[in-house]
Amino acid sequence: MRLFFELARRSFQRQLTYRAATIAGLVTNFFFGVLRVAVLTAFYGVQAEVNGLSLQGAITFTGLTQAIIGYLSLFGWYEVMNSIYTGAVATDLLKPMGYYRFWMAQDLGRAVAQLVMRALPIMLAYAIFFPITWPKSVGQWLALVVAMALAWMISFSVRFLANLAGFWTPNALGFVRFAFILMYFLTGFLMPLRFFPDWFVRLCNLTPFPYIINTVVEIFLGVLTGPQIVVALLSQLGWVVILGVACQLILRAGVRRLVIQGG
Amino acid sequence: MRHGLMLYFRLVGVQIRSQMQYRIPFLVEMASTGLITFASFATLALVFQRFEHIAGWNLGEVAFLYGMVETSFGVMDMLFSGFDPQNFGRQTRLGRFDQLMLRPVNLTVQVLGSEFILRRLGRIAQGTLVLVIALNWVDIHWTLAKLCYLPFVFIGQICFFGGLFIIGATISFWTLESIEFMNVFTYGGTEMMSYPATIYQDWLRKFFTYILPAVFINYYPALFILDKPDPFHMPAFASYLAPAAGFGVLAAALAFWRFGIQHYQSTGT
Amino acid sequence: MTPIIRVHHLHKHFRLTRNRHGLLGAVRGLIAPEYRTVRAVDGISFDLARGELVGYLGPNGAGKSTTIKMLAGLLVPTSGEIVVNGHVPWRERQAYVARIGAVFGQRTTLWWDLPVSESLDLLQHIYKIPAQQFQRNLDEFRQLLGLDAFINTPVRALSLGQRMRADLCAALLHDPDLLFLDEPTIGLDVVAKERIRQFIQHVNRVRGTTVILTTHDLSDVEKLCERVMIIDHGRLLYDGKLEFLREKFGGKRQLVVDFAENYSDAPVDGAEIAGRDGNRVTYEFERRVIAASELIGRLSSQYRINDLEVREPDIESTIRRIYEEKLLENASDAAN
C-alpha cells in the first residue's frame, strides 16, 4: 500500500510541473463552458425547468462537466496502450505490484492533481461569473465525495479496459478512440441525460457510462434525493466491481498472449 | 514554386499510399472520426425533441450551420494535418521540424506535405450527410447568386480553419508543452459557429466578429442562404465577407508562422 | 586554401525555467517561474579545412549538439560568427542546406512507412538531383553499404544498423560538400560499427567530403579522425591531433586476461598487474611503452590463455582527466 501511495504522489507531482498546459487547460475548459452556457440558456428560452432540471441547474451542469474532464480523463488516455507498444509493459509487469494497481496508483495521482488544479479553479470561476447551485446539505456533500471517487474508479477501469486492446492488435488506437467517443456521448457529458428521450436514457443506463458523470451531476444538483442516491451509489459500486474483475481477467489473457507471442 | 507544388503532390501521394497499407485500422479510424460528427448531430436532434428550437432556429437550420462547418473543417483537417497543433508540437519536440529545416524546400510546403490524414474523409462524409439532411429539411429558395457563392463560403471556411491550425502550430514553438488552449479557436470555433450568433453574450460575439471574424465565416452566409433577417443590422455586404475573412486569417497566420520560425531558430527545443 | 568552416567566438545562451524541488516548489513554480541562463556554447573558435575528418567530442550536455545545430543552420547564435562554405548557415537556409548532409543520431530522415528505395526517390526530387548523378551515387552506396538486402523494406521494419546505413546513403545522394554525423554508431554491434566506419572513411578519402563526427565512442575517433576537438561546459578544451591527446592524457589501457591455469603470479614486461579475480588478471599498460599486440605476444609465449580483452580508456575519463587535472592551459579558463 505504501508503494501505491508513493506512485500516486509522484504522478501527482509530475502533473504539477505542466505549467503552461494547466493554464491553457483552464482557459479552454472555461471557454467551452461559456459556449455551452450560451447554448443551454438559448435552448431554455423562457422555460424555467425542463424535465426536472432548472436553468440554473443546467448552467451548473456545464461548469461541473468542464471541471471534471481532467479528473476523469474524458478526452483520451492512451498510456497503457503506449506502454504495450513501447515494450515498457514487460518491465512494469515485473514490478512488485499488480499491473492494474500500478496504473491505478498513477492515475489516482493524476486525477487528484487535476481535481486541485482544474476542477476547483473552474468551479470557482463559474461561481463568480454565473448563477450556479451548490450541494445544500452535509449528506449531499458526503454522497458527492463518494460518487466522485466511484466515478473515477469506473472511468479508470473503462479506460484501462479499452487500452488493453493493445495486447491484441498493433493498431488499437482507433478502438480506444472509439471508447472515448462513447464516453463523450453516453456519460451525459455532452448534454444532461435528462434532456434525451426516455428510451435513450434507459439504454444508456444499461452501460457503465452514465455512472461516470451523470450520477455525479445529479447528486451535485440535488436532482437525486434520499433513497435514489443510495441506489445510484450502489449501482456505481456494482460497476466498480464488475469492471475491476473484467480488467483483471482480460489483462491476464493479454499478458498470456504477450508471453506466447514474445511481444 | 513549381518545384514546391510538384513535391507537395509527391509527398501527399506517399502519405496516402502508406495509409492505405493498413486497410482495417484505416477503416476503423475513418468510421470512428466520422462517428463523432454524426453522433453529435444525432444528440442535437434528440435534444431538439425536447426544445424544438433555439433562438428561433429550428433543427434543420441549425443542421445547416453545423453541416457546413463540419464539412469544411473536415476538409481543412485533411489538408492541414501537418499543422495540427497537437501533432505539430509533438513532432517538433521529436526533432522532426529540424529535419525539415535541413531540406532545401520551402518549410510550409514541407509541413503541409508531412501529414495528410486520409481518414478525415470519415468526418467529411458525415458532415456532408448532415448538410444533405439539412437541405432536405429546410426549404431553401435557391438563386444563381446563392449557388455561385456557396463554394466560396467553403473555401473561405477552409482557409479560416487552416489559418487557425497554423497559428496553433506556431504557438507550440513557444509553449512546447501541450497546447490544449488552441482548441478554443479550432474546436471552440466549430462549436461556436454551429449555433446562431444571437445566443452568445455580447463580448463573446464581438470577439468573434472583430478580432477573430468567425461570424462572417458561417453565420452571415447562412443568413443569406436561408433568407433570414440580420438581427444585428450589419451592412448587407456582411453576408459576402466569408472568402475575404478566410483569406485574411490565413494570410495573418502565415505571417505569424514565419515569425515563429525565426523564434524557433533562436531558441531551439 | 580557404577553410570550409570558420567559427569565431561563437556563443549560444539559453534561458530555462528552473524546476524547484518538492511539492511546495512545484506549486510555486506554477505561479512564479524562475529563470536561469545556460551558456551552452561559450566562446568557441576553430577553422576546418576542406576534406578534413574531425571528431567533435564531449560528455552529454557539453554543447556538442548545440554547436552542430548552429553549424547546420538550425539555431542562430547569441553572438559570434559562423561561415560555412561561403554561407552564413541560418540565412539563405534553402541554398545552404542543399550543399550539406546530416545524420542526426537515432532519428531517421526517411519516411517511416515507405520502403527505403521510395524514400531515396523522394530525396532525389527534394534535392533536385539529376537522374544520372542520382543513379551513379545510388549504385555506389548500395554496393558499399550493402543496401540491396533491405532496399524494399519499410523503414519501420529495419534494424538500427540497417537504418543508419540507409540514412547515410540518404544524406549523401546529393553530393554534399560537408557531412554532419551525430553519433552514427550509437547502439550498433561491432560488425555494423566497422562497416559504417569504413564507409565514412571512403566518403572522406575517395569523395573528398568534409566530415564532422560527434561521438561517445573513442574507437570511432581512433579509426577515423586525425584531428579531434573536445568540448566541455561550452568551451573548447582541446583542438589538435588525436595521437597527441591519447599519448598525453589517455591514461592507461587495460588488458583483461582469462588464464587457462591459476598462476600464483603472472608478471610480464611492459605492464603492471592492476587486479586479479581467480584466473582473471587485469594488466595496465601505457600506449607509449608497449603495443597491445606486443603485450599479448609476450603473455601468450609465457602462459596459457583462454581469452583476453583490451580495454581502452574511455573518452569520458580522458576528458575528465584533462579537465580536472588542468592538463591543458586553457583548461584553467574553463574551470571558472
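Structural remarks
A, B and C are the chain letters, set down in written order, and residue numbers restart from 1 in every chain.
The rule is simple: a contact is a pair of C-beta atoms (placed from the backbone, for glycine too) under 8 Å apart; a residue touches a chain by one contact, two chains touch by 3 or more.
Being a predicted model, the structure only gives us computed values, none of them experimental.
The chain with its C-alpha centre at the largest distance from the centre of subunit A is C. Highest C-beta contact pair count among chain pairs: A-B.
Averaged C-alpha coordinates put the centre of subunit A at 48 Å from the centre of subunit C.
Subunit A and subunit B, compared by their mean Cα positions, are separated by 28 Å. Averaging C-alpha coordinates per chain places the centre of subunit B 45 Å away from that of subunit C. Residues of subunit A in contact with two or more other chains: 19. Within subunit C, not a single residue touches two or more of the remaining chains. For subunit B in complex with subunit C, the residues that touch the partner chain are 3, 6-7, 10-11, 14, 18-19, 21, 94-95, 98-99, 101-106, 265-268. On the subunit A side of its complex with subunit B, the touching residues are 18-21, 23-25, 27-28, 31-32, 34-35, 38-39, 41-45, 50-51, 169, 171, 173-175, 177-178, 181, 184-185, 190-191, 195-197, 200. Across the complex, subunit C meets subunit B through its residues 14, 66, 69, 72-76, 90, 93-95, 97-98, 100, 102, 104, 107, 109, 111-114, 118, 122, 125-128. Those residues of subunit B that touch subunit A in the shared complex are 22, 24-25, 28-29, 31-33, 35-36, 39-40, 43, 46-47, 49-51, 54-55, 175-181, 183-184, 188, 191-192, 195-196, 198-201, 204.
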